[in-house]
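By letter and in written order, the chains are A, B, C, D, E and F; residue numbering begins at 1 in each of them.
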Amino acid sequence: MSTLALWRDKLAYQPVSLGIVAMLSGLALVVANTATLPGIAAAEQRDLQTSLEQVLPSGFASNDLVRDTILVSGGDGPPRTVYRARTAAGAICGTVFQVSGRGYAGDINILIGLDRDGRLLGARVIKHQETPGLGDKIESAKSRWIDDFAGKSLSSPPPAQWAVKKDGGVFDQFAGATITPRAVVKAVRQGLEFYAAHRAEILNDSPKESTR
Amino acid sequence: MNFREISRNGLWDQNIVLSQILGMCPTMAVTTSGTNGLGMGLATTAVLVCSNMLISSVRAFVSPQVRIPVYIVLIATLVTLVDMSLNAWMHDLYRVLGLFIALIVVNCAVLGRAEAFASRSGVLASALDGLFMGLGFTASLTVIGLIRELIGAGTLFAQASLLLGPAFAFLEIKVLPNYGGMLMMILPPAGFLVLGLLLALRRLFELRAAARTTPATAVPDAVAGCH
Amino acid sequence: MFAAVISLTLLGALLGLGLGVAATRFAVEGDPLVDELIALMPGSNCGQCGMAGCAAAAQAIAEGSATVTVCPAGGKALATMLGEKLGISVDLGDIVDDGPKLAVIAEEICIGCCRCLKVCPTDAMIGAPKQIHNVIREACTGCGNCIERCPTGAATLQPVPVTLPHWVWPKPAPALA
Amino acid sequence: MGLIETFLHRFAAPRWGVHPDDHKRPAADAPLRQLPLPERLYLPLQQHVGQPARPIVLPGQKVRKGQLVAEAQGRISAPVHASTSGTVAAIGEITAPHPSGLPFSAITLIPDGNDSAGDIDIVADPFALAPDEIAERVAAAGIVGLGGATFPSAAKLALGKRSKVTTLIVNGGECEPYLSCDDRIMRDHAADVVDGIRLMMHAIGAREALVGIEDNKPEAIAAMRRAAAGFAEVTVRPVPARYPMGSDRQLIQTLTGKEVPSDCRAADVGVIVNNVSTANAVHRALRLGEPLIRRIVTVNGGAVWQPGNLMVPVGALVSDLLDFVGLKSEPARLVMGGPMMGSVLPHAQVPVVKGTAGVLAFNEDDIATPPPSPCIRCGSCTQACPVGLLPLEMAALIRNDRLKDAAVLGLPDCIACGCCAYICPSHLPLVQYFSHAKSELWAQERSTLRMEATRKLAAERAVRLERDAREKAETAARRKAERAAQKAAQAAAEAALSTENAA
Amino acid sequence: MNPSSISLPPVASPHHLTGNSISRIMLTVCAALMPATLFAFWLYGWPAIFLWLVTVLSALAGEALCLRLSERPVAAVLGDGSALLTGWLLAMSLPPWAPWWIGALGGLFATVIAKQVFGGLGCNLFNPAMVARVFLLISFPVPMTAWVAPLPITAATAPGLHDGLMILLNGVPQLDAIASASLLSFAKTELSRGVDLVHALSGAAAPASSLIGARAGSLGETASLLIAAGGALLLITGVIRWHIPAAMAAGLVVPAAIAHAVDPARYLDVATHLLSGGATLGLFFIATDYVTSPNTKAGQLVFGAGCGLLTFIIRTWGGYPEGVAFAVLLMNALTPVIDRYLRPRILGRDWRGAPLNPETERAKS
Amino acid sequence: MGEYIALLITTAFVNNVVMVKFLGLCPFLGVSKRIDGALGMGMATTFVIVLAGAVCWNIEHWLLAPLGLGYLRIISFILVIAAIVQFTEMVIHKMAPSLYQTLGIYLPLIATNCAVLGLALINTQEGQSFVTAVIYDFGASTGFSIAMVMFAGMRERLALARIPAAFSGAPIAFILASLMSLAFMGFSGLNLS
């Protein structure tokens, strides 16, 4: 102990001791990283899968959605990843992709699922920062509001009514919080428009365009 | 330091939140519901126990000059380890606590205990200290979270099953059906307010106790950690 | 993999070196605070504070084991000065400052034993063996050392009488509501 | 006052201060009355700032009117003269006209009723005297500032001469409500006042004199203008009636635009301020050879039957004055000086001193003081403070015993004018806070000085003890050496003896 | 020779005090509020009167409770009128037909949490009424933004005594049917829908309608002119000084005028800014609260300008349609710092507190 | 330029670290008894945050990202921060002992001031450029200092108030912070673009 005490105040002791601690920590982390990497990757995969399945009726897709994607550029912003659902026969029967809009407190990310004709199969908010108690009724866990989208398409209701009731549309707003639903409605509508514009590209099944 | 003293310190006398007033950021940020408070508290407890033990065992080798960096590296490593393992093997829990776990690194209470206790005490005592400090922390966070949740939404431990696992479903209670809710309670102002009122309550207890034991003495500076 | 370990180790070593150098470069010698406090104390080492003189009292104050109100000889004035030096607010209510005191010798009883003279820290007591002793008003700090030593009780502490120029306006009573 | 006039007044008036109801009339308009000689007079030894005077008479001694009974001690001091002829009964203590009710020393004089004066030494033309000689005569006459500060006037004149003062400001402000003694002096003795002013100018070497009189005293302004008509160097300047216009710094600023720096005297910026009554006293001292033994005192207040101004010998008891004017009711509070700055008297058995401008006997209605409420930070006090202080902040600090912090905010600059406490809607005793803090700080200062002295003494004692020890040791060593030497000598002697014997 | 001993503890000068008192000041302010309040009562009928009562009574009750707990004289302190004024001003800033618990919670919050916990009158750092208003707005955004169009008490469709009580207890039935946005939130909604203000604010929605109180809003917003008259009364009686109102008006008007000149389609005009929302009430009654505003003239100018500017910023770019309450609270938080750095100059000293130079003063004449 | 100013204002007020993001609360509550102390702490923290932010950005950009060592981020950032803080502490202790007296135990605690690490992590999370990151850090720490100074000013006044015994000290400080953050809610949703 006494020799240690002597050593501890030496200049060289500082870098060496801190270095050793850092090295051991680094080692531990490297080992842990190697050990956990596959687990984490698998878990994240599962997460994605379940989200995707939420916006499609159960049993709708027979393929592994996560592996059947296509990058579609267009609209504004970076290319979007579009996941495609297939029937047991392998034909494309629907697509899932993410849209987003600016809500009250930040971006709202919504996953929407469409059938071949561009009719909404379902929508789920996957990330938002809206005020709990006001804007968070867009979460399916909090309210069934988001289910209203199922079955809607660009033509029904007509484009003019793709808005909240306050603005003359068909969608309910929440008392005291119009901004959030307005943003969601707008984002979903834009998603439908995006699909309409790129339908051919998305449904084009030539294998070279599919990634992964 | 005996067991009684350590446990009493952790749970009440030197309670991290109510007495030392440390670790305020997670306290304020996560206590929007009882469930969140509980989760954060338990995660912190785990880290506190491990870090206290680790630091207590290496304390002889650490020179004063690099003491703090070493402690912090150790704590950060621990936290990252916990973070990774949860992510890989308990993914559902991780999805809930993931954010909180990263926050533990900078919870100054962890370093505070390392400095104030673990760097001067044996491994076992340090582990106990970490445990009770953590439990005291958990209790405070849960209480604050419950108060905010009850007034804010009329529920207790809402979504406990979703967050902590189905086993915790029994905790969920809707106390006030048909209650419109009070938005402020989940916003920053109420965090401060509820803790302030709790601290006042604690002070009231102590004033009463002091008045009972020594009727004529002046008001003690009850909150030692109130800098 | 190696990169991770090596870079972290290097980072740690580098910072450790920096800190080591800084610690030697910027080392702070001693505690200048205690010296400053000692300079403030009355310096009569009368021991009323219950410590081994003023330096010990200053040390205790600096360490926090004694409050700034510890020195009765210094009174409120000293306590405020110490409080300022330490940057803390002082609760002057703690100080029982019932005004300055003076030693007074009852001439009829004084036997001229000289004991008081020897213990007075400020040489405020004058007299010679077998003669009546006297107190120099200006020099007496009212420490009471002589009182304890006086075998006949001739020395007593009396409050210094208040005179017009020394009168202090009382502090107003606080507003009720 | 009409609406427009009120409006204009608001804008013309300075931005500091307050405008209390002045209550000066009818007392100011009543003709001056003479207080009959009381049975006993008490001549305090300390009626001025500085060293107290030292008595030079013995009990039983007979004195003439104007005879010196106590002489000045030191540079800043003033002598005391017998206010009338009579016998010195005692030299003892009497309650001081001070809120503390503490006693101070005074010479008790039993008048013989003759009021006979001693020899009078008058010069034919005082203007022929050297300035220093005028100052000496003023000093010998025991004149002190009669505006309230009671600073020995001769010292002020000397200071003025040394600092090359060019302007003498004569303070006829009399801004305190209820008081009218200066007003009376100016109305009745304007020529004497102007003469006194010119004498003081001569003593200082000032080029001009400005007489500042509040515009609520039109008769005094007219009288003074008439008296000063022949003297170009004396100008009468009406000033707005606003409390505390009579305070020297405010008057200097109003009349000359100069600001007296906070740590300086007025003389440092080339100005000297003297009260009109002081000028009158200077006139009487030099032209009539009469020392300062009497003064005009306003007796006023709701409890007084016949308010007015009295000519009073210094040393008369307040009770004598009140008996003379008669009381409507038992006064609820007795005040010496004005209502804004005067000090409350513990009882009526206190003597009138040179600086006593008024004795006010208030009834309950006059002083109805509601209990203080908390400060609502209305800022009225800040607005009113003529010095630009923050009374509310200082009071809050003092309430929490943070006196030094209050001093940092400017407590030492406070002139205790009372504007803040007057205007405060919460009726906070602000001036008492400040007086408390100032006296407490002085006390702390004294104890610090004392501590310093103690430290020195302790160090000296340590040195002495060391020296004693050393001396003792040296003596012991010497003794030892001596003894050793003795022994050696003895031994040598013995040896010698033995050798001798042997031989 | 010294017969009587000291009879009384020493009393300090001055022995002469103004007749002014706290209760007199507070009651003057209440009197100045009276015309606007009565007019608003007429406009909004019984529910508004009940809400006002509930708010004032709960503010008084909160104060009384705290006084009881801290063992201070209840009647004397309640008599100073400050709690009454707090409740009154809070009521003036609430939606007139809000349910009773809004008023009750607000009144209690104002006097208990925002005032008495800090030590009562004079010790609070934030304006109690505005703290309570913001607390209510944040906690209950829905009822706090539910405005109704004025429906004079004399109108046939106006709720009577009984219906008024029902509205107070149960809230407005079919709120959507009679709901009407206040001018500022209307403008904000239109802007967020992408309608420009030139179109949005034409015709019936023109800002001028708020001058005569024909627009939905709080009690204190509908009668801006009467509020301003009350403010003038306060100025004349010397209860408030002009610095804060003038600076606040300038802080609001100047940027508003510039912005409106640059882009009238996006920025509201000056009159709207001044006459709607709580601007007039804020100008004269709220920002001027002694306790929570600086007490030097320079400080008050800075404070007022800050209130005005922040109001403009929050109204124009913020998430809330109305900004006076937030602006006042933010400037309240800054008040001690303002007071600390903007002190008056001491006579004979320069701004930094050093004594002046005697020679330069001597040279003046 | 305009967007940088908007960023500065947004980070300082709208997303105030203390009042909105709940970072750095311990020093905010601990060192805010007097304006001077708060100002000193604010400046020390600003210094540390900007410096640490810049260093961490470079470490992330040149070391961690290229080598795929994302999992070492927390530990290496905290190491850098700790070292910078301790270095600052030693310098202040030597150069300005009185400042050291007031900042007391809080200097070492800057290392665990969540704001420092939090901001460094946010910088990388949002993939900001170096300039934006520095401006962001500067704005945030300025917001921290402003909040501290305002709070300290109010606490100086609180020290003179008649706070009920049960509330004096920490409880009233929290309630005050609560009302202050109520005021800061006014900035919520402020959108300068």
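Here, contacts are C-beta pairs under 8 Å (C-beta built on N, C-alpha and C of every residue); 3 or more make two chains touch, one makes a residue touch a chain.
Computed from a predicted structure; not experimentally measured.
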item: Co-neighbours of chain D and chain A - touch as defined; value: C, E, F
item: Chain at maximum distance from chain F, centres defined as averaged CA atoms; value: D
item: Chain whose average C-alpha position is farthest from chain A's own; value: D
item: Inter-centroid spacing, chain F versus chain A (mean Cα positions, whole Å); value: 32
item: Averaged-CA centre spacing for the pair chain F and chain C, given as whole angstrom; value: 40
item: Rounded Å distance between chain A and chain C, as computed from the means of their C-alpha atoms; value: 70
item: Overlap residues in chain F, where contacts from two or more other chains coincide; value: 71-72, 75, 79, 82-83, 86, 159, 162, 167, 172, 175, 179, 182, 184-185, 188-189
item: Shared-contact residues (touching 2 or more other chains) in chain C; value: 4, 7-8, 11-12, 15-16, 19-20, 22-23, 89, 93, 169-170, 172, 174, 176-177
item: Residues of chain A touching at least two other chains; value: 13-14, 17-18, 21-22, 25-26, 29, 33, 104, 134
item: Every chain pair in contact, whichever chains are involved; value: A-B, A-C, A-E, A-F, B-C, B-E, B-F, C-D, C-E, C-F, D-E, D-F, E-F
item: Chain B contact footprint on chain F (complex, rising order); value: 19-20, 22-26, 28-31, 33, 71, 74-75, 78-79, 82-83, 85-86, 108-109, 111-114, 116-118, 121, 165-167, 169-175, 177-179, 181-182, 184-185
item: Interface residues, chain F side, partner chain A - complex; value: 71-72, 75, 79, 188-189
item: For the chain B and chain A complex, residues of the former touching the latter; value: 32, 58, 60-66, 69-70, 73-74, 76-77, 80-81, 84-85, 87-89, 91, 94-95, 152-153, 159, 162, 181, 183, 186-187
item: Chain C-touching residues of chain F, taken from the complex the two chains share; value: 63, 67, 69, 72, 75-76, 79-80, 82-83, 86-87, 90-91, 93-94, 97, 101-102, 159, 162
item: Parts of chain D lying in touch with chain E, wherever the complex brings them together; value: 18, 20, 92-95, 99-101, 103, 108, 177, 249, 253, 256-264, 268-270, 333, 335, 337, 339-344, 346-347, 349, 360, 362, 366-367, 369-370, 373-379, 382, 385-390, 392-393, 409-410, 413, 416, 418, 421-427, 429, 431-432, 435
